[in-house]
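To start, I am sharing the structure in question, which I have written as structure tokens.
The letters A, B, C, D and E name the chains in turn, as written, and every chain counts its residues from 1.
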């Protein structure tokens, strides 16, 4: 099936700065696509190209098979939540939100009713008469969101639309966006820094790094099978231990590290024997036992225990790997109660939970 | 925004229309008349008749003959002085307005603009009657016993020209400067103070730089208007009130020396263009997204 | 109904609304007046429109030739000028307005560029113009700002025979004389009114004036001033009614000229504005014979240049 | 938020006060003598008692009133049309290629940079060439030619400070360019527009030297005054000037009060 | 000891809107104080009052015992990271960052060097010559941060200073802020929406709700012993089950709910018997067993299993409590692998992990 939106080998530069380079990207009808990437990697730029606020310098941009480059911004059936909101400060909140309908010539009564509905949905029911300058940061962000969704376009571009909201409100908005997707069949291109949000909402995630797409896939796939060290540590936490590939037995490998031979699985392209590799194991996959004679695994000393709310992060160091801070994640349910800084522990993991990656170039 | 690479027919048409209007109208109503007129500056005047013989004599006359160059320089100097003082005053006044509560600002601004609606000629007359040796100011001061002899230097002097021009053209500078200041985001001022800047430092580093386009516009307005004005200097300047604008004007009267007049006008034009260019240079590219 | 229109290019006072109303009623011709403030503007305006914008123009004798040379006005058709008979004897000949056998203007209003003096300072009228140069009155003298007449004036004071046709040496003399005067001046002034206004608001005792009106107005304001034609003489000016070369409707133009050349109009103008009328001998203006009637000068361009130099001089 | 700076405010306030006094002194003097005519008894200045004579005379002076009317018509039309053109030019400048924008800008600016007599004469000759009769139309065209640069600059400064994000947001929501202009850009420029039009009106209302040339038999108020300068102003003029001042004051203050409160940032 | 900063009964209104009401707040020397609260609750306003950008309408504001109201902004030894950055668009990044030093009249060379250092620290080492408009959202935020810290003031006010940064960068900035606190003894007033961030960084947290302080305390204390239902569910997830207090036995209580009698502890002010209460139990404290005859606890049916990366959230419903979506948190370490939507499970928890709260008014 034809994708709704198709960016083909798109590049973009600002003066001498090459910001995007060979971006290939599709958005299917009714898909929730999230773009993740470090600050400054080019996420906003991708959105601005799609929205038509910047011209592309190379490649092509198609919507339902038609070239978009000749379509002016106002005729693209997209709406955008801008990273800096871009609210009209001379209009009230209600006027801002109703603007899309107003320019479509909808009757006043209809607009008023829809605006009231949407404002209710974003929790600003009573503030329609205010001006943006009289709103808090999170309230403004919600106005921006309301303004973009009210027209129910084919595709919504959202640039960190929930970043200024508290957890509860954010969860509520996430549910709302998902319901929109389900109810109206709208497609989403969504930028966020919140990985849980990305994983929870997205049908597919694209990770951008330095203007290129580094990996894409379903959230779980990306999380479980990162293909590069960057992805492994950018998306969620990961413990990376450098070593050389000693033996390969099907998927199962043995790696020689400074702390001895460790086991892992590999499911990407086969790696050369003796090549430099990284063993990646997620904090939540590490078992942690109080050290006792004859215990298996990596001996380590606990250097810090950090309470994060629902989770606890235990940091430990192995004497042979002084540079690697090994993180272990536990639920804050008292299961790590016996540990103290300085406790000696034994770290182990299921080889199938450890992934092998090519050492970063 | 640069969206259309292969624009549709309609877009092309629209772009064409836009160029036609924006370049065509000024071409038709401004450039053509003026250019064809200014061409006269290259013709020869002989026995009161304009002959179509190309010459640079009219321009040469400016540099070599009689009083043109000195008067020109004097006038430039005068206009520069007035511009300087007026821009400084206007900036102060614009700042004063800017520092009032938002609701009052427009009204205060308007009270500074209002004098523009009173006829210029009447104002000059009025200024003269105020400043005269037996004018209102002297009479008032005499009446109050502040002085016992009328001050004579108030009128018919360079000072008088200066005062009159400054007063007449002040509003032209206040408006653009204020309009630029008005756009300064409130939180810039907060940020500035927060970082430890004194009010004066805030002024120097944020308010004035951001007001610069307006200040430049105000300076250009003032310079050009005062440079071209010859009525005021003549009326209040006494024997000092002779300016370049007057010389230009006089060529088109009974002197019937249109070629020289046009040449002098072109020189005046070049000067004012230069002023505009200078003002343009002082504005750095604004970085607003 | 309307019998067309007549478009006048005139100075203030030459087309009084009262006359216009009467004329329109009498002839059915609509009058449109365009006012000008000075001679320079007027010729610039006429030249740029090739005279097509106006039907009747008032031009002083000294610049008539310039208009004629530029073909901005056409000769007077005396047959159509039925009111010519109303002219006072001394204006009948129209000699000053006649070049190459064609007459270009009909005398209409006149005056002199005499001296106004403060009677308190000068119990008797000063005899000579030289008093204007007297350092004793430095800063208390004002003078008319008019290139042509200033040069005429300088030449007359210097006793030059033909002040309208100067040679190089005479030009140099006149220029120096005028620069010397400048150093004694409070200021120049431009119009009738400006002179009187400046006089009344400043300590002025002498004026090279634009005419009788200056003294009359000052007297009206309560100033004790006199008006005199010193022994060197004074320039007499005479404004003529001329027909624009571009007029599409000469009949209307002549109709207007015939109308205003009536005695009662002349008298009315003299009374209201203090100009001398050419149809009605004005009271007190008995010195017409001592005036040096302005003539077409040798070179306006040069006079302007000289005058500019005078005004630019330190 | 404004930093408190009493000393600076005092200095600025002083300058503003001096400025205001200087600006208004000529106006007040004129207004004063319209009510109390100045008489000089043997050169000594004194005021006559209060009288409204000039105002009564003004009502009967059809000539001046019709000149005033012409001026009002000209200034209204010229300033409104100038605003439209100035806006068009300003948008062109920010959106067209830099070189084209500059070319347009220089052309638009020319009449303002030249001595008025040149602008006046060249327009007069041009009108003659295309056989356009001198009258209201030519006056209005000439005024527009002269005013546009001022309004254009005023508008452009504001437009450039506006940034593109609002335009983008508006287009993104499906507004056409015209709608974006009407609903987003113009409202944000309102102070510049209002004061630009007022400025244009004031300049046109008072324009003398160019009008002098392009006017036919239509007489505007400044032209009338210009000609009157020769023999002196009639007292009605002071009355008229005073009335004009009062009217414009009333109008601008009404506009000022209508400005919507509550906008911030 | 005298607190560094003391807000005493401060209130603030905008026109008719009362935004803050009786705020009492102290910041100790070298303390890291975090303000948490829903969007629009008044957090930014508190910061703006401290910074001096708004005047207070009631109460007092003291710094080291001196009344601050007479101190002009530029003499307050605080620096602020504004929620909307407030970068000067006409200055380069380096000029923005160096501005605080410039107005203090430091020599050019010193400024240049310090700016370079600080820019390096926030990861913008090479971008000093750019203008803010040429930066991405996250980059701008880091410029704002750099600009505020360069002067090393006594107190830094940070309004969501890390909200636009990706997880990794954010962690890095958090470490940096902590090191600043340690190294220079600076005090922080920090606003964030990220609870893990709040818990990880803060010495103390203040939760604001509708312009009032709802609770304050050390992070763990707040998390473990919320005093109101609002705090319980605002700070971290909580399952709240309504019931009436049946018996109290010291700290241990029994609550009658629609799903039967449940046990919990209470450690706030004693509650009236038979009063309406809420039982709060955190998702990570709930044990989850596949249903089998004779199992203890609440029988429930799994309605959703959400993968969040390191954690999995299992949502289940008890037939008697159809309105309560009970959330259970597990590490994503495969321990919940056997569960499916529709699985019947048995939920239980240690009574000491369940807290009793007064039912919300």
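Quick notes
Heads up, the rule we're going with is that contacts are C-beta pairs under 8 Å (C-beta built on N, C-alpha and C of every residue); 3 or more make two chains touch, one makes a residue touch a chain.
In this text the structure is predicted, and so the values were computed from the model without any measurement.
In summary, the chains found to touch both chain D and chain E are A, B. For chain pairs B-D and B-E, the one joined by more C-beta pairs in contact is B-D. In this assembly, the C-alpha centroid of chain C lies 91 Å from the C-alpha centroid of chain E. The centroid of the Cα atoms in chain C and the matching centroid in chain D are 35 Å apart.
Centre-to-centre separation between chain A and chain E, using Cα means, comes to 21 Å.
Among all residues of chain A, those that touch two or more other chains are 52-53, 72-73, 84, 134.
Residue positions of chain B touching 2 or more other chains: 1, 125, 129, 134, 185, 187, 190, 192-193, 199, 249, 252, 286, 288-289. Under the contact definition stated at the top, the residues of chain D that touch 2 or more other chains are 1, 3-4, 43, 117, 121, 125, 164-165, 168, 226, 229, 233, 263-265. Residues 45, 48-49, 65-67, 70-71, 125, 128-129, 132-135, 150, 152, 155-156, 234-235, 237-239, 241-242, 246-247, 249-257 of chain B are the ones that touch chain C when the two sit in their complex. Residues 38-41, 43-44, 47, 63, 66, 69-70, 139, 145, 147-148, 182-183, 185-188, 190, 194, 197-198, 200-203, 300-301, 303-305, 307-309, 311-313 of chain C are the ones that touch chain B when the two sit in their complex.
Within the complex, the chain C residues that touch chain D are 7, 11-13, 17, 32-38, 41, 44-45, 48-50, 52-53, 190-194, 196-197, 200, 213, 217, 221-224, 273. Residue ranges of chain D in contact with chain E, taken from their complex: 1, 3-4. Taken together, the chain B residues at the contact with chain E in this complex read 185, 187-188, 190-199, 201, 205-206, 209-210, 284, 286-289.
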